[in-house]
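Two complexes are shown next, each including subunit A; its partner changes from subunit B in the first to subunit C in the second.
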Partner chain A sequence: MTLATQSDTFIAAALWTGFAALLLTLLLGLQIIGMRLMLRRRQRSDARALARWRPLLNAAIVGEMPDSLPPLRRAERLPFLRLWAHLQGSLRGEANEALNEVARRLGIDAYARGLLVRGNRPARLLSALVLGHLHDREAWPALLRMAEQPDNTVALTALWALVRVDPPAAADYMVPLFIAREEWALSLAAGILQQATEPAAAALTRLLPQLGEDKLPRALRIAEALHLALPGAVLGAALRSPSMPVVIAGLRGVRTPETLPEVRALLAHADWQVRVQAARALGRVGERADAERLVQLLGDREWWVRYRAAEALLELPALSRADLDVLRASLTDRFAADMLSQAMAESANK
Partner chain B sequence: MQPESAPVVLVVEDDEHISQVLRFMLERQGYQVVHMADGRAASSHIAASNPPALVLLDVMLPYVDGFEIVQLIRAQENWRDVPVLMLTAKNTERDTVRALDAGANDFVIKPFQPQELLARVRRFLRPGA
Partner chain C sequence: MNTEHVIVAFVTWFVLCFFVALNGGYLLLNLFSLRALHRRGQEQFLGDLPRAYSGLEPPVSILVPAYNEEATIAASIRSMLQLSYAEFEIVIINDGSKDKTLEVLQREFALLPFPEAYRRTIPTKEVRQIYRSTRYPNVRVIDKVNGGKADSLNAGINASRYPLFCGVDADSILQRDSLAKVTEPFLRDPTMVATGGTVRVANGCEVSGGFLTKVGLPRSPLALFQVVEYLRAFLFGRLGWSALNGMLIISGAFGIFKKDAVVLAGGYRPNTIGEDMELVVRMHRTLREKGQPYRIEFVPDPVCWTEAPEDMATLKNQRVRWQRGLAESLNANWGLMFSRNGGVAGWVAFPFMLFFEWLGPVIELGGYIFMVFAFLTGAISWEAFGAFLFVALGLGILLSASGLLLEEMSFHLYPRGKQLLMLGLIVILENFGYRQLNTWWRLVGLWRWLRQKEATWGAMKRKGIGEEGAGVPPRGP
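Presenting the complex of A and B:
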C-alpha cells in the first residue's frame, strides 16, 4: 500500500514536470515566432525606408540636390541614419558636404543629439558617428562625457567624433589621454589623431618636456605613429636621456637632420637595440659622410645592428648604386661584405 | 531604362549601398550597369558573357578577390582589352601597386569622390579612347 502511494506521487510529479516542460517549450516557441515576426516586420520597414531615401541621397551625392525633401518618418530614422553614416564613410569631398546638407535640412543633427543622450548603446554609437560627420559643435559636451566612459568602443567612437567636430580642441584633450591610456593600441590613437596632425604635434611639443620617463616613450611613439617631425630641442632632449626606452623611442621619431650629432653619438651606445635604431635613423637623415660610420657598424657583434646598418647605407640619399658597389668591393670584413650584399639583393627584389 | 546601344559597365562590388550609388551614378551618365556582388559570380560572368565596355572592380570581395578577377579578365581572349578600374582601400599602397601589376588600367581610392570616379570612367569610355 505504501509502495503504491509513493509510486502514485512519483507518477504525478513526473506528469506535472512533463506538463511544465511542455508549457515552457511552447512559450519559448511562441517567443521565437514573435521575435522572428518582429524582425521580419522591421526588415520590411527598413527596406521601405531605404527604397524611399536611397534615390534622394544618391541624387545629392552626384550633385543633384533635391529642392524639397519629404519628412523623415519616425520609423525611418534609424535605417536612414545607418545608410547615411555608411555613405559618409565610403565617400569623400563634395559628396560628404551634400550628405551633411540633406541631414541638416531633415533635422538629423538635433535628433542625433537626443539619441546620444537617451539612446541605447548601438544608437549612441551611431549618433556619435553621425554628429562627427556633421561636425556638430553643439554635441561637444555630450561627446566629451561619452569619451570618459569605461566602455572602450563607446569612448573611442566619441573621440573619433570629437576630432571631427573641433580638431585643435580635440587634440588638446586627446593627446594626454592617449598617453595615459596605455591599453589603447597606438594604431588606434594614430588613426583618430590623423584628422588633427598639426594640433596633435603642437600638443605633443608642449607636453613632452613635462613628461616623466615612464610616459615619454609612449608619447614619442604616438608622434612616430603620426609621422610628426618634432622640434629638434624636444627630440634632442629625448636622445640625451639616460633612459634607454626614451632614447629608442626618440630615435624612431627622428625625421629631420636637426638631431644628427645626437644620432651619430648613439651609434656607439652600449645597448645594441639603441645602435639598431641609431643606424636606422642615420639612414633616414644622414649625409654622405655618414657612410663611413655605418660601414663601421657593418662589423658590429650583433646581427641586427649589421643588418640595419647595411639597410641604412642603401637609404642614404647621397650614395648611388655604383658607390655602394665600390664600397662593397672595398670591405675586408667578410661578414660585413655579406651583409651589404644581402641588403642590396633584398632592395633589388623590392 | 538605358538604350540598348549604351556602353555596359560591369560593377563588381559586394557592398550593397556602394553598388547602388555606383549604379545610380553610372546610369545617370547613360551607361548600362551589370552588377555582380561577389568574386565567384563575377568569375562565372566573365567566363560566360560578352565583354563589357569597362569593369569597375572592388579589391576586397567574397570568395575570389579583385586581383584574381583582373588576372582572369586578362587571361580571357575576348575580355583581354577591357579597361579595368579598381577600387582600392585607403592606406594600402601595396594593394594599388598589386592591382596595377595584375593588369588593372587605373585605380580609385576608397573613400572615393564620385565625380573623380566618373571622370576616370569617362576617360576610358570616350569614343576613340
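Presenting the complex of A and C:
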C-alpha cells in the first residue's frame, strides 16, 4: 500500500512536471513565432520609412536642402532617428549641421526632449544621443539628471550628450565626476572628455593642487589620456610625492623637459615600475646627455626596464643609427646588448 | 515495505529530482540571460553606430598556437590581419609541427629571424627562434619545441607586447569586428580580467576571404544537433553565469585576457586538455584568494565560427576530451569550492559544475539504466517509467527551446522561416538519442580522466567550410 502510494506520488509529480515543461515549451514556441512575425513587420515598416527619408537626408548632406519636408509620421520616428544618428556619427562638419537643420525643421528636438523625460530606457538613450548631436541647450537639466543615474550606460550616454551641448560647463561638471567614479574606465572618461580637451585641461589644472594622494593618480591618468601638458609645478610636485602611484602617474604625464631633473632622479628608484616609466619619460623629453643614464638601465634586472630604456635610447634626439651601432658593440652585458638589438630591429621594421 | 522497495523508491525519486534540479538550474540561468539580452537589445543601436577609434583602445596581442596547420595557417593569419581594431599584433606559435607549417609561414609572410630578447615570465619548452614578418610588422612567429597547446600559449604570452592577449585557434573563423566587440567590456570596466564571445557552428555557412559571408544551416543531422547545442551552451549557459560573475569557462577558440592577471595566476597549465577552462577557474581562485576585485564577462555576440564534427568518431573524441578537460579543471582547483571569499564562482558555479556537469553523466546515464532495469524487472510500473521519460525528455526540450528563444530575441542569425522550422524540429529530435549519446561520451571522458591518459593536441577530421577547414575544435557546450 505504501509503495503504491509512493509510486502514485512519483507518477503524479513527474507527470505534472512534464506537463508544465510541455506547456512552457508550447508557449516558448508561440513566443518565437510571434517574435519572428513582429520582427518581419518592423523590418518592413522600417524599410518603408528609410526609403522615404534616406534620399531627403542624403540631399541635405550634399547641400541640397529641400524647401519643404514631408511630415514625419508617428511610425517613422524611431527608424528616422536611428538613421539620423547613424549618419551624424559617420559625417563631419557642414553635413552634421545640415542634418541638424532637417531635424529642427521636423520638430525632432522637441520630440527627443519629450522622450528623454517620458520614454523607456532605449528611447531615452536614443534621445540623449540625438539631443547631443543637436547641441540642444534646453535639454541640459534633463541630461544632467540622467547623468546622475546609477545605470552606467544611461549615465555615460547623457555625459556624452552634455559635452556636446556645452563643452566648458560639461568639463567643469565631469572632471571631478570622472576622478571620483573609479569604476568607470579611464578610456571611457577620456573618450568623452576628448570633445572638450581645453576646458577639461583648465578644470584639471584647477583641481590637481587640491586633490589628495588617493585621487591624484586617476586625475593624472585622465590628463595623460587627453595628452594634456600639465604645468611643470603640478607635475614636479607629483614626481616628488612619496606615493608610488602618484609618481608613476606623474611620469606617464611628462611631456616637456621642465621636470627633467626629477625624471633623471627617478631612474634609480627602488621600484621597477617607477624605473620603467622614468625611462619612457626620458625617451620623450631627454637630451643626448641622457644616453649614458639609459645605457645603465639596459642592464636592469627587470625585462621591461631594459626594454623601455632601449626604446628611449632610440627616441633620444641626435643619436644616429651609427651611434647606436657603436653603443651596442661597446656593451659588455649580453642582456643589455640583446635588448638594444631587439629595439633597433623593431624600430627598423616599423 | 522491504529494503528493495525502499531502494527503488529512493533511486527513482533521486533520479527525478536530479533531472528537475539540473534543468531547473539551467532554466534559472536562462532567466539571467534573458535579462542580459534584453538590456543588450536596448543598447544595440549604440553599438551599431559608426565606430571611430579614439586611440584609447587597449592594444591586443593575438596568440595563435599552431601544430601541423600547413593547410590553413596562411589563410587564417591573412584573415586575422583584416580584423577591424585600432592596434594589434599577431604572434603565431609553431609548436614543433611535423609538417611544413613553419615553411609555409616563412614563405607567405616573408619571415626573417628577429633578435628578440625573449622574456621567460612563464616557463615553457625551449624557443628555437623568433621570426618577424618583413611584410607585416605586427606579425611574429615563435618556433619552439613541441609542448602542447597550453605551453604554446604560455610562450606567446611571454613574447606578447600588449596588456591584453587574445587566444585564438588557428582554424577559427572570426567576425571582422570580433576584437572590438570582445574588448568592449575592458573599456567599460577597469576590473575586467577576461572576456569570451559566442562561438557558432560554421557548417553550412559560406566563407570568403577568411570571413563568414552567409549564415546557413548544415545538412548533416549531427552538425544540426550541434547548432542547437551551441545556442543552448553559449546563449544561456555562459551568459547566465556571466551575469552572476560565475563564468568558469572561456572558449579557447576566442577569448581575451588581461596579461597581468593571467601571469599572476601562473599562465596556462601545461599538459592539460582543458587548458582554457582550467585557466579561468584558476583565475577565479587566485583573484579571490588575493581579494582582488575582478570581472570575467561573456559577450553574447557571435564573434567566432568553427567547423563542428560531422562524423560520430570525431564528435565522440571531442566530447570525451571536453569532459576530461572539465574534470581536470575542477580537480586542479578544489580550493575555490566553498572558499571563504569564493563568491558565486566558489559557492554556486563550481558546485553546480561539479554536481551537474562532472558527476552528471554518471547520475543521468545511471538513472536511465536504472529506470529501464527497474521497469524490465517489474520494480516500477510502466506508468512510472513512462512518467520518468516524459519529464526527462520534456525538460530537455524546454531547455533547448529556450536557447532558440534567446537566439530569436537577440541575433536571429537564421532569417528564413524554413531555418527556424528546422531548428524547432532539431530542438525536439536532439532529445531522442543525441543527448543520451553525449552523456555516454561524457561518461567515457570521465573514465579516461580517471585513468589519467596523457594529454595531446586534438585532431579533427576536416570536411571544410566554404574555402577553409578546421582543426582543433573549440570547447563548446
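The definition used in the following text is that the second predicted complex is superposed on the first by the 307 of 350 C-alpha atoms of A that agree within 3 Å, B and C clash if a C-alpha of one lies under 4 Å from a C-alpha of the other, contacts with A are read in each partner's own complex, and residues count from 1 in each chain.
We take it that a residue touches a chain if its C-beta (ideal position, glycine included) is under 8 Å from a C-beta of that chain, and two chains touch if they have at least 3 such contacts.
All values derive from a computational prediction rather than experimental measurement.
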item: Which superposed partner A:V326 touches (first subunit B, second subunit C, both, neither); value: neither
item: Contacts of A:A289 with subunit B and subunit C, given as first, second, both or neither; value: neither
item: Touching partner for A:H86 - first (subunit B), second (subunit C), both, neither; value: both
item: First (subunit B), second (subunit C), both or neither touched by A:A14; value: second
item: Partner chain(s) touched by A:E183 [first = subunit B, second = subunit C, both, neither]; value: second
item: Residue contacts on subunit A - larger count, subunit B or subunit C; value: C
item: Touching partner for A:V62 - first (subunit B), second (subunit C), both, neither; value: first
item: Which of subunit B and subunit C A:A95 touches, first, second, both or neither; value: first
item: Contacts of A:R54 with subunit B and subunit C, given as first, second, both or neither; value: first
item: Intersection of the subunit A residues that touch subunit B with those that touch subunit C; value: 86, 89-90
item: Complex contacts: residues of subunit A adjacent to subunit B; value: 54-55, 58-59, 61-63, 83, 86-87, 89-95
item: Subunit A residues touching subunit C - in the complex, by the definition given at the top; value: 2-3, 6-7, 10-11, 13-15, 17-19, 21-22, 24-25, 28-29, 31-32, 35-36, 39, 82, 85-86, 89-90, 121-122, 125-126, 129, 152-153, 157, 182-188, 190-191, 194, 225, 303, 306-307, 335, 338-339, 341-342, 345, 349-350
item: Complex contacts: residues of subunit B adjacent to subunit A; value: 15, 17-18, 20-21, 24-25, 28, 110-116
item: Touch list for subunit C against partner subunit A, complex; value: 1, 5, 9, 12-13, 16, 20, 23, 41-43, 45-46, 48-50, 52, 54, 56-58, 114-117, 119, 121, 132, 134, 137, 186-191, 380-381, 383-384, 387-388, 390-391, 394-395, 397-398, 401-402, 404-405, 408-409, 412, 417, 420, 424
